[in-house]
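Each structure below appears as structure tokens.
Here come two complexes built around subunit A, the first alongside subunit B, the second alongside subunit C.
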Partner chain A sequence: MQFIKKYPKAFQWLFLLVIFFALCFAIEVPETYKFIRGQAEFVKDPNQSFYVFLGKEVRYYAFDVFWRLPPLLGWLPIWINDSLFFLMNEWLPMEFWNSDTQTYKTRPLVLQVTREITSIMTFLIELIREILLGGLKTIVAFTSWDWVGSNSWAKMPGLPWTVVAAGSAILAYKLSGKGLAIFAGLVMVYISIFGQWKPSMQTLSFILVAAPLSFVFGLGFGIAAYKSKRVEKALYPILLVMQTMPQYAVLVPALVLFGVGDHAAVIITMIVAVPPMILLTLLGLRAVPPEVIEAGRMSGCNNWQLMFKVLIPTARRDILIGVNQVIMVCFSMAVISAFIGAKGLGFNLLLALNQLNIGLALEAGLCISLIAILLDKMSLAWANKQVDYFGNLTFFERNKNAIFFGVTVLIGIVLAYLGSFFFKQGFNYLFEVPHNKGISTADFWNKGVDWIFDTFFVYIKAFNTWLIVEVLQPMRALYLRMPAVATLVLVVGAGYLIGGIRSALVVCGLTLFIALSPWWDRALVTTYMATFGVIVSCIIGFTVGTLSFQNKHSANFMLGVCDIFQTFPSFVYLIPVMMLFGITDTSVLIAVIVYATIPATRYTIEGLRSVPTALHDAATMSGVNKFQRLTKIEFPLAFPHMMLGLNQTIVFALFMVIIGAFIGTEDLGQYILKALSDKNGAGIGLTLGICVAFIGLIFDNLIRTWVGQRKKHLGID
Partner chain B sequence: MIKENFLYKIRELPEFIRQIAGLTILIIFIISSFFVLDVIFGQGDELVKKMKIEEERIAQEKKLSELISKLPSGILVTFDGTNHYKLTDEVYEQVCKATKLIPQRAIMGANFLNFRAHEIYTINGNKIDDTFVKWDKDKKKCFAGFTVSGNNVGVDESVAVSGEALSFLSTGIDTRVYFIKNF
Partner chain C sequence: MKKGNMPLIIGVVVIVVIGLVFFMQGGDKTAKKSGDSSAPIVIPTHNWSSQIVMAYVIGGIFESMGNNVSYVNADSQAVYESIRIGDVTISHEVWESAFGKSFDTARDKGGLLDWGDHEARTLEDMGYPNWVVEKGLCPGLPDWTALKNPDCAKNFTTPDSPDGKGRMLEGPQTWHGDLIPQRVDALGLGDLWWVKFAGSADALWAELAAAEKEGRGTIIFNWTPNFTDGAGFTFIDFPPYTAGCRPADGGDGKCGSPDGYLKKAVHEDFPNTHPAAAAAFKKMSFSTSQIGAMAALVDVDKMTHEDAAKKWLADNESVWKAFTK
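Let's look at the complex of A and B:
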């Protein structure tokens, strides 16, 4: 009784755990239960049960309901597919003018709209691609193939790589100074001499279309949400789900609506990149002090002027951080969208990984990472750059960068022209170093991989076997051993204890959606892999973060490392682990750990830094030593912030587990990957994506609620 | 009044008691919901029985396919006097049970001795309605057969052809009936 009075919360948790384990032991594994074969797999078997809902027949292997719930939402993917088919092929047929055949053609409205969007996107991508690399298609779009055929001069020449490299360096210099300029120049030279120019420019052209469009839409929606509560409420659930939705999952419906190619990749990238832009716009606009708004109104601004002359310039920094996020998302999508035919570095990387050519994959991955770091640094420099409104500068001082760029363009063109004489027999290396004609280190890396395998095979295999047999398999078995009712009791009970009945109902709804889908077992496997990754990442992240925090320079260094690692597209993490561990679950888990350690480390450092210095002084005056200060003051106060890091760690881990399906795991990601090559995959892909998003949201809800309460309790809200 | 008093009493209870009571109610609600669902969707012992039969069938099939993978590729016969692989009585029975396919060669061979079947088969584009391979426990022999049906000069006809499966073709992956003795 004393214990209950002293630790009431601990008793409640203990009570919940006792009920959970009692249910686990009371409900036996059905004799006929076989993992994976367990739930509906869309194969017809006389032993399957079935039900019909909304005219859709759902077949599944039935078990004791306490063990696994029947897939009562199994109709959802079929219904989504049918709806998409209906929209694309039957709904609202209308007459549209076909300029090629000069006749009217009947087409369903949605199909026509998607085709129009497709052609606009294709045009924009081709335009930028041909500015960078040269070509004919843009001119053909305004004229015809016949006209271009009869006028051999009519083609976009493309920019020599020297011009783009110098242009990047000048822009970087303008934004941040010498350091970034040298880095920009070196990155461009590296890309060129390693023969990755063409794919890099293909990737860049797709990003240069996706990023500005995402910015415009994100800003527009952000402003609309700021102005209207209704819009904000309507957008909120979408933004929430999109934050935790794996990017893979959105590919499949986009494939159905927009087909395969760069245009579909741009659209899908926009879908993924717009939500962070909306959130950061909203955050920036909300942070504008009311005095500034008052001052604007008092100066006689109308609504339009207030928004564009006062609010947006004041929220400039947050909005530009949004641009930075958009660019980062675009890069991470550069590889993922290669699955639906986007050309460029991502496609080369994917191809190389498919062929298990680690060397080539490493080259392409390095290029993507370098460009991503460069654009990240440039956009952050832009966000932090102060506009000098009062500078009294001469014409040359004001326009020196533009003049330098103009001169560089001229020099670059002259050099490329001279190069056409010098490199008469082969390729004009001063214009473009062709793909596969540059320096390649692929062989070196491939030999390195072989050497690692030959030398360390025994140890790697022993580690692999130990990890899989002793750790992963028992953990997997434990997760799969949880009856549905016990899992639901645990999750809902946790929601109730943390955030009351409201939180309990939210997590109950999210868990039920997954439990009633046909992929509960797969979701458990996904959760087990993510949990393993999160536990190890948190141990590493919290330790490294705490140790780095002890010294100002090491903390800054570690934050810099986190920054760089965070800019790498997630697929890039698979390359080194595949080099070391081959195609195994271990590879995926190590990639998950590396990827998810970043937020854990970052939030630990930032959390510890957020502890007020006054408290440090107070503690020192009270005579506590360093260790006592850390454990008694800094950790308790920083813990809510660190828990937000845990939240991010979970999201990162889930993303990487899903991407790990490419290597061959057996979780939800595997099914999303399968859905990509299935003509009826749109519904399955989307439903699976929602399942993954909901796993993330369950943890998100629990952690955020707890953090909110804890902060209130500590008075740091 | 009584109701108000009751609510007042609940509100007056310590926070800890209210929370644990809430948690208990929530757990009871979840478990009872599962009971309701079990009444609607639960299939009990009948399902277990059904699944067990299926498991046995799968196990049997697995065993047979293991046996087939051990047999040499080529023609397997049940009689002496040829160069082909001679099946023992026991293996003959197992191969018969594992065999599902009757290829066109065996069908055309059997049709040689059945003019009407041959005619319908040819006229209707080599169409076969259904086939069977089964083990006759009493005779201890394997029988195979098929039905051809179709339109023959305006008349719908159907002819069943069957006979003893005297030899099989092992592909290394599966076995097929090689020769049907229908005379």
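Let's look at the complex of A and C:
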């Protein structure tokens, strides 16, 4: 009794676990139960049960409801699909003039509207692309193909790479100073001499369209949500789901609505990049002190002036961090958007991987990382730059950067022109280093992978066999052995114990959605892989983070490494891992761990940093040693922050488990991948994406609630 | 220069430019040559070498006829819907067993036309790299009955094999569903073999490369024409395919894959907008060895796809010139 009174929470958790295990043992595995084949929608089997809802037939294998719930939501993906198809192909057909065939053609309204949007997007992308690389399409947009064909002078010349490189260095200098300018110049030179100029600029051109558009939409929705509680309430759940949804799942509906090509890539990138922008705008505007608003009102601002002259400049920092997030997300989509037709680095990377040319893929991936980090640093420098209101500068001082840039353009063009006489083989290196004529280190990397393979293969194989036989297979079997009811009880119980009835209800709803979808078994496999990945990542991340925190320089170095790995396309390490560990769960999990360790490490370092220095000093004065300080003061105080890191680790792990489908998994990811190439996949892809998002949200809800309470308890925040 | 002159100068320049533009456009209408529209022909590129090189080869042929061409990366299944809607103009590699279904659905919905077959025939089935037989890992192959030998199956086990069964690596489950597992069960091989689904074509090639390095046996899903043709790859002789033998068509599943077509498809407006190009495309037909040669320029000689296409066009002028006449 004494014990229960002393630790009521511990007792409650124990009780929950007892019920959970009791349920697990009480409910037998049905004899007919078989993984995966259980939901095989490929064959019609007389043993299947079926029901019809909204005219959609859903087939499934029925089990004891305690073991597996029937897929009562099985009609949802089919319904989404049919609705989308109806919208795109049948709803409101109208006559549209087709200038190619010179006839009227009947097209459904939505199809026509989306194609109009795509043509605007395509125009913008081609405009930027042709400023950077040269081409015809922009002029064609104003005239016609016939006209361009008969006037061979009419084309965009494109900027020589020297001009773009110098321009970015000057911009970096203006924003931050010498250091960043040198970095910018080096990045551009690297891209150019490694022959990645053209694909890099192609990638950049669609990002330069996607990022500003995401900014505008994000800011707009953010302001709307700030102004109206109703808008905020409507947006909030969508934003939450979007943040944990794997980007793949959005690809499929975007493909149906907007077709393939760079424009579709812009749209999909916007869908992913707008939510963080909205959240940060809202956060920034909320944080504006009422005194500032009062001051604005007193000076006689109208609503418009108040928003754009007072509120937004005050919230500038948060909004610019939003811009920074937008840029990072855009680059993280560079490879994924290649699946729906974006040209550039992402596509080259996938092609190189298809030929198992790891070195080439690595170089393309590094370019993505470098440009992303460059733009990231530039936008942060912009965010931190103070406007100099008092400087009394001459015309030259104010405009020297612009003048420098003008001079560079001239020099660059002259150089490129001279170059055209100098390089006779048809490649003007001063204009653009062609794709395959630059330096390449691909052979070095490929040999490196071969060497690792030849040297360590025996050990790797032994380790792999042990891990699969002793750890992974049993763990997977355990997860699949859980009856649905037991899982529900466990999750809802945890929700109740952590956040009370409200949390319990939210978590229950999310879990039920997955349980009632046709993919519960697959969701369990996803969860098993994510759990394993998260546990290992957290152990590594917390250890590495704590160790590198002991020294200021090593901490900064570690954060830099995190930056690179976070922007580096994860696809690149799928192939070497596959070669070394085979087409097995180990390969997937290694990729997961590499990716998910990033947030775990980052948040550990930042959490430990957030401990106030005053407390440090107080501790040192009371005579604790370094270890005591770490365990008694820093860890408990940094713990809430580190738990947010856990939250991110889970999201990253889930995302990578889904990408793991490219190696070969039997989880939700494989079906998302399937939906990508299935013309009826839009609804399936979206529903699967929501399932994955909900797995993330269950943990998100529990962790956030717990962190909130803990912070209150510790008196921080 | 006085400041006041600026608007005047700009005005004059603008007027001259506009005048020029109108003049040019006027001259242009009479100068139209062939019957083909000069709007670009949109050719899709997928993620395997032969297809991309052939896209650039066909694009090069169209360009030699005075047409404009543009390329778009597209998913190999979704592309038929894109052609149907008109986002993409043609497709030059429609594989019967992989894309036949998507192709038929799109054609039946309207908007996509069947534009004839290539000379090359296609086969997609389980097979093994030749060193498997050279090392004597499974005597009796390529006849499928060799798989009934437990000593053979033993050489193909992997750590994750249930009960130490031999592993066959199928393509993604999305390609043919449960066809191969059903076949394995129907042929009575289920006690010795199990089927693992790889996640992508990349995974298949990684497995092939890793198996070669390690010198172990592997049975994977593959197809021809493919870049593996040159390196030595043999398909297993399963009982021959007959119409309706697959479980999905009500059969018992005891059969291999059919010998399939390699088709071309076009958007329905293509023959109207580009009659000359459409006629040439109808005549185009490549053989297995020609397609293999295109892929080998990239996969073996490590050229870029564009360069490979240029080289192929330069070396085989007599082949493709015939299509344009």
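Rule of thumb we're sticking to: the second predicted complex is superposed on the first by the 669 of 717 C-alpha atoms of A that agree within 3 Å, B and C clash if a C-alpha of one lies under 4 Å from a C-alpha of the other, contacts with A are read in each partner's own complex, and residues count from 1 in each chain.
Here, a residue touches a chain if its C-beta (ideal position, glycine included) is under 8 Å from a C-beta of that chain, and two chains touch if they have at least 3 such contacts.
Please read all numbers here as calculations on a predicted model, not as lab measurements.
On the shared subunit subunit A, the superposed partners subunit B and subunit C overlap sterically. By the touch criterion stated above, A:G448 is placed in contact with neither subunit B nor subunit C.
In the superposition on chain A, A:L351 contacts subunit C only, with no contact to subunit B. Judged by the touch definition given at the top, the superposed model places A:P30 against subunit B, while subunit C stays out of reach.
Of the two partner chains, subunit C is the only one touched by A:G259; subunit B is not. Once the two complexes are laid over each other on the shared chain, residue contacts for A:W145 go to subunit C alone; subunit B is not touched.
When the two complexes are overlaid on their common chain A, residue A:G708 makes contact with neither subunit B nor subunit C.
Within the superposed three-chain arrangement, the count of touched residues of subunit A is higher for C, of the candidates subunit B and subunit C. Contacts of A:L16 after superposition on the shared chain: subunit B is touched, whereas subunit C is not. Contacts of A:P108 after superposition: neither subunit B nor subunit C is touched. Contacts of A:P157 after superposition on the shared chain: neither subunit B nor subunit C is touched.
Between subunit C and subunit B, the overlap after aligning on chain A sits in one stretch of 1-9, 73-81, 163-171 or 181-189, namely 181-189.
On subunit A, the positions that touch subunit C within their shared complex are 37, 40, 42-43, 89, 98, 100-101, 111, 143-151, 255, 259-261, 338-343, 347, 350-351, 353-356, 435-436, 450, 453-454, 457, 464-465, 468-469, 472-473, 574-575, 578-580, 582-585, 660-666, 670, 673-674, 676-679. Listing the residues of subunit C that touch subunit A in their complex gives 21, 24-25, 27-28, 31-32, 37-40, 44, 47-49, 52, 68, 72-82, 85, 87-88, 102, 105-106, 109, 158-160, 169, 172-174, 177-178, 182, 196-203, 205-207, 209-210, 213-214, 247-248, 269, 272-273, 298-299, 303-304, 307.
Listed in rising order, the residues of subunit A touching subunit B in the complex are 4, 8, 11-12, 15-16, 19, 23, 30-32, 45-47, 49, 61-66, 69-70, 484-485, 488-489, 492-493, 496-497, 501, 504.
On the side of subunit B, the complex with subunit A involves touching residues 15-16, 19-20, 22-23, 26-27, 30-31, 34, 37-38, 41-43, 47-48, 50-52, 54-55.
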